[in-house]
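There's a structure below that I have some questions on.
In this document, chain identifiers A, B, C and D correspond to the written order of the chains, with residue numbering beginning at 1 in each.
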C-alpha cells in the first residue's frame, strides 16, 4: 500500500499523489499495489491512512511526500514526535512544537529496508539516498503517526516514508532540481517490491527501536 | 546538425553524445537532424565541427555539452575568446588565459533563438533557462570557434551552444541534480526545430554583435 | 561548558575546537564558560565529555561540531540512537547501523532552548536556524551519548548540540559557504548565555521526550 | 576609486555601498582610496561613475555590486553588451535584450589583475574566485559602460567589476550563504591595492581584448 497527499496550497495536482496513482493496481510477481489518497492535514492524514491499512491489511505501507529541493528519492530513516509548522496545512492548522502523540516516544525508526531500497534503486540507475530527517510538517507527522499505529496495533506490518523531488514541470520558473515522473514511479515501484520482500535493516530490528 | 563531445576523463560514455546520437536521422516536418561526434580537445573539436558543417551544409548548428550541477537545459547566450582550463583535455592540453582566435573579438553572441528555445521547452514541461556563461573549457572553446567560423565563412547558418545537466545514472553517488535522457533528447529536439524555424533573438541581430 | 572535537582526518586544526577555545574562561554576567576538547572517536568522545561534566558540574553543556556546507549556526533539535559512518573516525572505527546505547530510546530531544538561541542570534545579526538532523557520525553520537547520560544521571543539567559552518579559510578552493570565526564565536557565546538562562523549549519539556 | 550602488528595491542599505564607504579615504602605502555612490539605474549609473572618474582621475576603478547567493568575492572577467532585466531598476526601467552601447563590441575584458586579486585574497584567507558572468542587470551594465569609456577615453586607467556575497544580516530568514562585512572590506582593500600595483592578466592585454 502506498499513500500520497492531496493537492496542497493553491496547487491543482500533487506530484506525490500523481506518482502513487500510477502505481495503483500494479501487480509485480506476487505483489499487488494499492494507492490511497490522504489529506494534507495534521491528524486527518493519519486517520485516513490508518483506515486504509485496516481495510486493505497490506504487508507493507509506504507513505510518499514531496521534498522540494532534493535531487534524489529519499527513504526516511526516522520519524520524530513533533509538529512544528512554518505554514498552515489544508485546514489552517499550524502547530508549533507540539507532540504528535503526547505519550509517544521521541522517535520511531522506519520499518522499511531503507538501505536495500536505495541499493535497488541505484541498480536501476535512479538517484536515491537515505535521509535522516522528514522535517516537522505533515510528512513527518503522518510518518510518525503510522509508525506509532503499527507499533501498537499491527507490528507485523512494515511501514515507513519516502520523499520524492519536484517534477520537472514544477521547476520551469526556478532553478530547483527535479526528477521525471517516470523515474519517480519506477523508483517507488522498486521501493514497494523491496519493502514487500525484505525486513527492515538490522538496526531497526535491534534495541535501538526502543 | 547537432554535435556532442566524445567520452572525457575516465568515463566510458558522454551523455551529450548519447543524447545527440538519439537525434541522429530524426525528421520533424521538413527538418532532418544529423549528429556529429567531436573530440573533447581544444582546437580539434572546432576542426571536426567545421568539417561536418562543410560536408552537411546545415541550416543550423547546435553544439551540445554537459554542465554538471545545472538543473536545466541551458542555451548559451555568449561565447568568449579565452581558454582557461582547470583540467587537461583529452590530449593533455591545459591552456591558461589564452585567446582562442588571437585576432578575434572578445565575444560572439549565439545565433540561435535562445529565448524562444527556452519558451518552447517550457511549453513542453522541460526545465530550461538562458545561461550567460559557457565557462572557459572546451565547451566555450567549441562555441566560440564555431561562431567565429560562421561569422567569417557562413553567415547564413545559425549556430550556438546548449548545455545539458547530468543524467540520473551519473548522480547515484552524489547529490547533484539530473535530468532524464528522454527529457534531454526531447529538449534538444525542440531546440533543433526552433533553431531551424526562427532567427536569433533581436538583440543578436542588432549592433550589439559588433 | 562547551566541547569541541580535536582535528580530524588530515587537518591540523578543527574549527569547532578553535571556536570553543576562544570561549574558554570567558565570563558574561554570572556565567563562566569552560571549553573541553574531545576526540573525534566513537564512544571515547562521550567518555571525555562525561568526565568533564563530572569535573566541572556545569549548568549547561553545549557540544559543538562542524557541518560543512551549511550556511548558518544550527542548534540541533534531536539526537538519534544510531551510528552510520561513511568514513572512519580518528581511531579507524566505522560502525554501520549500530545503536549507540543498545537499550536506549530511539531519540533524545535537545535540552537546550534551541528556538530562543536562534532568536537571540538573529537579534545579533547572525545567520542561525534550528536543524532537525545532526547526521549519523560522531557529532550525533556525542550528542546522543551526552543526552543519555544527562537523562539518567544528571537531569538538572541542560545539554545539546550546535553545528557550525566552515570557516572562510576552509573554502578557498571550493564554493562552499562559510562564516567568520568572529561570528561563530559570538554566536556560540550567545548560545551559552541563552542556555544558562533559559530552560528548553516547551515541547522538549513535555510528553514528547518519552 | 571604488563605486557602490545606492539602496535598491525596498532596502534601506546596500551592502556594496556600505563596504565601499568603509574604504573611503583609506591610504595603504602610496594608494588612496576614494568611494563613489552610483544609482542602481541603467545609464545613470554609468554617467555617475564616469563623472567621478573625470573628477578623481584614479589609477584604477573597481565597481562593486552584490551577487546574492554567491559564497565568494568574485572579480568579474568579462562585461557583455546587453541589458536583459528580470526586474525594474530604481527608475522603473526594465530593458530586455537591448545593447548597452549600440555600436560597441559584444564584450570587454576586465582591465584588472583578476587572477592575482584572487590569489592575494586567498593568501589573506578570504574566499574568492574569478567569475565568468556579471549577469545582464545593472551590474553588468555599469561594468560594460565603464570599460567602454576607459577603452575610448582613458586607456591608461585600469578598471573592472567585483561581485560580493550577501552580508550575514541579509540571510537570517533564508539559507543563503554570506560573508562578513569585515571580510568583504578587507577583500576589496586587497583588490584595490592589487589593482593599483599590477596590470591586467596577460590575456586581457593581448589580441583577445576586442
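We take it that a residue touches a chain if its C-beta (ideal position, glycine included) is under 8 Å from a C-beta of that chain, and two chains touch if they have at least 3 such contacts.
The structure presented is a predicted model; accordingly, all values stated were derived computationally and were not measured.
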Most distant chain from chain A, judged by the mean position of its C-alpha atoms: D
Chain A and chain D, separation of their C-alpha mean positions in angstrom: 48
Where chain A and chain B are represented by their mean Cα positions, the distance between them in whole Å: 39
Chain centre separation in whole Å, for chain D relative to chain B (CA means): 29
Where chain C touches two or more other chains at once, by residue number: none
Touch-based graph of the chains, sorted into line, ring, star, complete or other: ring
All touching chain pairs, where touch follows the definition stated at the start: A-B, A-C, B-D, C-D
Chain D residues touching chain B - in the complex, by the definition given at the top: 77-78, 80-82, 84, 97-100, 102-109, 115, 132-133, 135-136, 201-203, 206-210
Complex contact set, residues of chain A against chain B: 71-72, 122, 125-129, 168-169, 171-172, 175-180, 182-183
